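First chain written, first letter: the chains are A, B and C, and each begins at residue 1.
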Amino acid sequence: MNHLDLLTFARGSALNWALIIFAAGVVLRLFEILGLGRKADLAKPRLNSPGSGWRTIFTRTLPPEGMLKRDPVTYIGGYVFHFGLFIAMFFFAPHIEFFRSMTGLSWAGLPNALVDASVVAAIVALGVLLAHRLNNRVKRMLSGFGDYLAWAVTLLPLLTGYLAYHHLFVEYTLMLALHLFSVELLLVLLPFTKLFHTFSVFISRWYNGDIFGRKGVAS
Amino acid sequence: MSATLSKGINSFKEMIDAPVASFFSSCVHCGLCAEACLFYTETGDPKYTPIHKLEPLRRVWQQEYTLLGKLGKLLGLSKPVTDAELEEWKPLVYDSCTMCSRCAMVCPVGNDMTYMIRKMREGMAASGHAPKDLIGASTRSVEIGSPMGIRLPAVKAQMKHVQDDTGIDIPLDRVGSEYMVLMSSMEIINFPEYLAAIARIMKQAGKTWTLCSEAFEATNSGIQIGASDIAKVLVQRVVDGAEKLKVKTVISPECGHAFTALRWEGPNLIGRAYTFEVQHILEVLDEFRSAGLLKTTGFEEARLTFHDPCQIVRRGGLLAQPRNLLNMVAKNFVDTADRGKMNWCCGGGGGVSAIEEAEPLRLQAFKVKKAQLEETGAKTLVTACANCRIVLEEGLEHYHMNIPVMGLTELIAEHLTEGE
Amino acid sequence: MKKSRQPEVLPGTVGEGLKQRGVTRREFLKFCSALTVMLALPPAMASVMAEAISKARRQSVIWLSFQECTGCTESITRSHSPTLENLIFDLISLDYHHTLQAASGEAAEQARMQAMKDNEGNYLLIVDGSIPMGNPGYSCIAGISNHDMLVETAKGAAAIVAVGTCAAYGGIPKADPNPTGAVSVADIVKDKPIINVPGCPPIPVVMTGVLAHFLTFGGIPELDSLGRPKSFFGDTIHDRCYRRPFYDQGKFAETFDDEAARNGWCLFKLGCKGPVTYNACATTKWNDGTSFPIQSGHGCIGCSEPNFWDAGPLYQALSMPVSATGSLLGAAAIAGAAAGVAITWHNRSTKAAAKAAHEKVTVQELTREEK
């Protein structure tokens, strides 16, 4: 199997299966979570505050007062990583073509130099966050195999994408295939690891906002 | 009959719902909740990280309610939760969690750790891993009627005392009153000024009110230990009393968890909505204030600050009321830097103050309050929870700080315009 | 004196042929300089090459055409105007090429046998087209199957040049479902040096360069892992493309006739396979350096890569899936939902069982019986 064949396989059957597992896994996990349901709250809510859950989905993106100072590495590293990944994933022209083929939607991309800088920033942030995870006593205690696995499978697409774009280490076609395989690994693992927070964060934040909103507290 | 592990695990399974599943699914182990928890910030011990306190519950969720967990369990790959583990977790779930919810305010993915601790305590209690002091308090509550073992005669004695003091008649079991007033044991024993304050305020406002001989106690040990079956029995007393006396509103006293128990958990425990309202005393006072029924004279000149009780403010929604009231009577009110929904807990909520072996840790955690208070330079500390008040007083004494602690209701009563 | 400095023109050599055709030494040196550049050799090698080629005897070449379309022959022999590239072909001794040779039938085969005999161990074998392994009858010449003819002819060859993607990698005949069981030369011949010059068709100057290299050094140029001369196949079309700056700026043609296309913007979104195609088109270009596909407004289809025909749709961006669609995702989501319903049912029965097993907790039951 030569490199182009490998790439074709990565763009073909491998991608199909990864997407199938990803989509089925995400929906399955959503059912798994929401299907447990919760009892109706019989206590009279304090305010007529519909949308409190929805509000928290957005407001929780910002650090509460004083928290940024307590752990700047986690906050800043987290922002840089998520923002860099977001730019690279959704604003690199070839990626937009991928999304267009799946959804029919298309939007303007960013110049490659900008995307490139975002990727570098995201990779550096991941490195810093790993070091922080290893050094910080709380994080180290909380971390297990799953956390390091999630870190690695998140790094790989960024790294292989960067190496492919810059023609480093191995021949481009092969690196591109590796890039796709790394993305596929990410897709397959996402629903079943903590990476599922990509989706569940909206649910958990909503519940948080709803629970506190009923009591009249904007959380 | 006895508490058993299987009862505990069974209880975990009963308790786990969609919010819990979403919280565990979302956690990325960032550790920021630790930075919001006074037991971690003041000790630096990572085991006090809030989400870590829930590890046994997380494993039950994972093993029972996720596809991969079920498969793992089927293949014998999962580590079952054991008695030894739950015993090890006892100090994490009880001694070092005041259910203050500060972590729930900072979690980037929106996890409400308190919501889960409350549920986890159900399993801890059912499996016999609750602290003995909370078991004692619960037993006294159910069997005697109050966690501190107070019976009606003690209440009556205090009623008489207040009556003599103020010259105001203290009504008991008066059917058709607008308000039914509850007290916490702490107020009955340690802070009689609360009842006197209520009597004077009600008189000024011209409202009818009553105590209830069958339900004078507002506290609910069942909520703290995490036994809904017990909590239900205690809430039911209040509901029965209120319905018998046909009151419009039950006033929850200056007690944090009593408010949570009556206002938020009660209807869910008894399985139906109330036929009456439940209000915290500060809500009532603020309503009186805006209706012009609360008239005060004079101001406190000393620099004073307010400690937001977690259950009343962060988990109770009374953010504006305490400040509205304080500004009526204080010229020199300063807020702490972290305030309102971000205030730091006194360290004794959620039953912690009742657990004897938790005291050294609680005093260590109090350092955060100490620093907060020192920063404000306040000479008086006002709060609205009798439990906070006791814990604050003990903490201040321990650190040799000479700052008096007052209840807000009492402070308002001191400034009531008399004789109209 | 002056004349003595001129290389001696020996009878039967390339030099003699060149002279007969009126090619001056200056012109020939210029050609050799260009070749050395393309072959990535030091500039000083130009005169060495000129010398060597001039003195070389006309190389015996046997050209076998199997499952092919004659596009390769067209490309290499019928350039737009007579050039030095095709002169070189005139100057070799093309002893067998069934499209070009005058002889036919038994005489043609006789010529091949004769050339093999006369130049045993020294002749160069050029192959275009793939070899069917399914049924020998799919393609035979003079009653001889392609496979047998290749094996027979390869035996005495000094080296083999697999011209075109079919000979090099199987090409279009090998494309799914490969009805003839087509294979490449290298799949059959294992004991001879093989130089792959892929492309559909290949670039003429690459052929010339390989021949010049063979004549100069008596060996084959440095090859990559796919058997291609590194000097021509070292870079991708994309990396050498004059439209590359548009790619980097994020400027793309969306259709073949939009403003962006007219402005010459990048054709990536229209399916250009330049990023994964290793060839010299963007630098040598075609038809005497006139143009190449991308310059004429069409994306690269990657024709010089193995199995290019099966490497996804030609008109979809390289970053698009080969076959996955939104409906695949939809179907997977529905399957996930079905599984989700099943697991929810299971979860709910677990929870219901826990609820049923709940024993009322009383204050007496908060403690454990001591054993």
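Here is the rule we go by: a contact is a pair of C-beta atoms (placed from the backbone, for glycine too) under 8 Å apart; a residue touches a chain by one contact, two chains touch by 3 or more.
All of these numbers come straight from a predicted model, not from anything done at the bench.
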Reference chain B; chain at largest CA-centroid distance: C
Chain pair showing more contacts of the two, B-C and A-C: A-C
Centroid spacing, where centroids are CA-atom means, of chain A and chain B in whole angstrom: 38
Centre-to-centre distance between chain C and chain B (centres being mean Cα positions), rounded to whole Å: 77
Gap in Å, rounded to a whole number, between the CA centres of chain C and chain A: 40
Multi-chain contact residues (two or more partners), chain C: 339, 343, 347, 351
Sites on chain A at which at least two other chains make contact: 28-29, 32, 35-37
Multi-chain contact sites of chain B, meaning residues that touch two or more partners: 16, 65, 67
Touching residues on chain A, where the partner in the complex is chain C: 2-5, 7-8, 11-12, 15-16, 19-32, 35-37, 93-95, 97-98, 100-104, 108-113, 167, 172-173, 176
Parts of chain A lying in touch with chain B, wherever the complex brings them together: 28-29, 32-39, 41-44, 46-47, 56-57, 60-61, 63-67, 70-71, 74, 78, 136-143, 147, 150, 192, 194, 196-197, 200-201, 203-209, 211-212, 215-219
Chain A-touching residues of chain C, taken from the complex the two chains share: 226, 236, 239, 247-250, 252, 268-269, 275-276, 302, 305-308, 310-312, 316-326, 328-337, 339-341, 343-344, 347-348, 351
Chain C to chain B touching residues, read off their complex: 339, 343, 346-347, 350-351, 353-355, 357-369
Chain C-facing residues of chain B, complex: 1-4, 7, 10-11, 13-14, 16, 64-65, 67, 70, 125-126, 128, 130, 132, 135, 138-139, 142-143, 225, 227-230
